[in-house]
């Protein structure tokens, strides 16, 4: 089948990227700084793609994604540091608990619309942060020490799995149901879609992968603190999705990679970075509210060219 | 309630903030009937549709469909039990392709789970293929198959109205509710629409209830007509009876558009 | 008599929330936008007050007035430059823009003066007086009287003046108001001006009461004020006042019971509860989407 050929093509491309990265690292061509940047890129990519499912595909405006990142980070850190279990178990545990948190947050709030949902998710993320802040077991405000366990291999493959799962979900009857909710919730309901179920499902899957990102993030730094998971972090993730184009998976991927570079180069000028970010956010909304890619995928750009040619022939 | 009754509405009413928008509506639809629901603007026609489809919860009365009570059901449950609808102000999924619009309504046709789709299990592929086939068949009936990859928002207006009906049919209804299907259409398009409605009714063995302002259409194809005014039923009968009913004439007086 | 003390403290803090909440609620009422940057207007007001008192040696009331005036201008600029073009775009686009404006204001301030704290000058001494056995700070009384004075003034403007009537008309139905000859753009700007000046006043009294200000001080009070607006019923002016006071009292009670670390969570828990169980707020009416 043609579609599966395309899939294998992408997979091979991904493995080549992984191989090149791994080779550069093991041959010491790139130093720790760039290694760290590659891993951060993967983390941001996971965050962007998981939020893309909630905002871009399902149209539910959640701005509390950092809350699930925090849950994943702390739960995974407890699993490795306090319980002494392997990293892979920690990633799964972080993801599953984040997903449960997603269900807990999603079920009451997803009945709300637009602005109200946004504020409610922001509120929940803050509650999660304040709860962590008040638990002495994980160090409260001072934070929790975490061993460095994240490698390029872990970061890359978790990111790859995130993209494959969310892409597969989107390209199915379930994904179409979610998009129909984004397009018109009342019509979707009237066509027999259980809208609550799909909103919660998208939210839970999004939270799951934010949890994975949290685990990878926690084990890439030496200490995690509640302050790292405030709403500024949520806005950072939001910017990836908005800039990439609400509804475009490849847009989210591209902007996550691009903005990781930008942030890294502006790391010594954090104010300038945030001024540029916020200006970009405003200008994009004023002049190109659909973001870089709109709802299109990068593959559509090639397709539409071909199709354009064909219709001329007819 | 005879064995042939599909929909029975008893004393249905709804109150919005103290205002009785619709009250005391009684309606019976037999299997296979084509019935019109007319009335001046603001009479409560669309509100009645919204109650029948679960969008609004009636504050009084009972709705029985196919032997089951519909009160308190969510819209998607109502749809799955066999009532689907179109909207007065077209509500297509604008950024989805024409084919995908129909596929959304076909959702319950396939049974593959979320996990099956994520892991691309065989049930995913067979389910999706079945949906594709079925949805294309619907598009063909409506002459929309050549537009299948267009985004719904790029279709011409008349085609959008057709797609709404195609999508409603894809949800496999026993009862189809059409909310002003001819709104904004020219006489030729309306004529085509009348033929299409007659055709799908026969082809799918449908029962149809339609709201329409175009009296040619209503009088032309409906077997029975209900008339709403100020939220209450004021008349019921054949097109001929309705045309000569003094109450109906009075309700429409002052409104210039009678036909 | 300790509970009277706590109650008065709660109401004083609450009145600061209420002043900010008024701006949120008025703007939401008129253009259905959660103006995320509103908390930052409050911060800017606090800084204007600070410079006015510490550098330009103004007294408290002159500083208050200056902060209100400059914030009014600032609010109108934000509206004209960023929000005006968004009237016909999606709610999400407007919300994202507001978030962008908020970040821009915060980091521009940080860029020019750094993120460090500033100690508010003690322009008016805080004495403790005893009323009916309760120890009450004069600052609390000052804050309360300034806030209540401003709220009465606002009620007067909204109910009795021409611009107030225009504001109510536009928030009810902008298109109909336009047909009636009301200049909708100016009315919206006036709403921003009034809301922002109240936030500016709140900033100055916040500085006086808490004595510490910084460029991110607007974020949490801003969010809490929004919660207060939702609590009272968004778009409803008396709702914002009551919501703000109520939130202040709840927070004080939570602190007094020994859960001061959980104080910020209390506001968000209230938010979630109100959104889930009564999203239209205490004074709100239930609105339904037209199908």
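A, B and C are the chain letters, set down in written order, and residue numbers restart from 1 in every chain.
What we mean here is this: a contact is a pair of C-beta atoms (placed from the backbone, for glycine too) under 8 Å apart; a residue touches a chain by one contact, two chains touch by 3 or more.
Computed from a predicted structure; not experimentally measured.
A summary of chain positions shows that the Cα centroid lying nearest the centre of all protein Cα atoms is that of chain A. Averaging Cα atoms per chain gives one point for each, and the point farthest from that of subunit B is the centre of C.
Each chain gets a centre from the mean of its Cα atoms; for subunit A and subunit C, those two points are 33 Å apart. Centroid to centroid, with C-alpha atoms defining each point, subunit B and subunit C lie 47 Å apart.
Between subunit A and subunit B, the centres computed from C-alpha atoms are 40 Å apart. Residues of subunit A found to touch two or more other chains are 186. Across the assembly, subunit C contributes residues 291 that each touch 2 or more other chains. Multi-chain contact residues of subunit B (touching two or more other chains): 55, 87.
Contact residues of subunit C toward subunit A in the complex are 32, 34, 82, 85-86, 89-97, 99-104, 106-108, 110-111, 219, 223, 226-227, 230, 261-262, 264-265, 268-269, 271-272, 275-276, 279, 289, 291.
Listed in rising order, the residues of subunit B touching subunit A in the complex are 53, 55, 74-76, 79-80, 84-85, 87, 91-96, 100, 103-108, 110, 112, 114, 117-120, 124, 127-128, 131, 149, 167-168, 170-171.
For subunit A in complex with subunit C, the residues that touch the partner chain are 55, 61, 63, 108-109, 111-112, 114-116, 118-120, 122-124, 126-127, 130-131, 133-134, 186, 231, 235, 238, 242, 246, 271-272, 274-275, 277-279, 281-282, 285-286, 289.
For subunit A in complex with subunit B, the touching residues are 165, 168-169, 172-177, 179-180, 183-184, 186-195, 201, 247, 295, 307.
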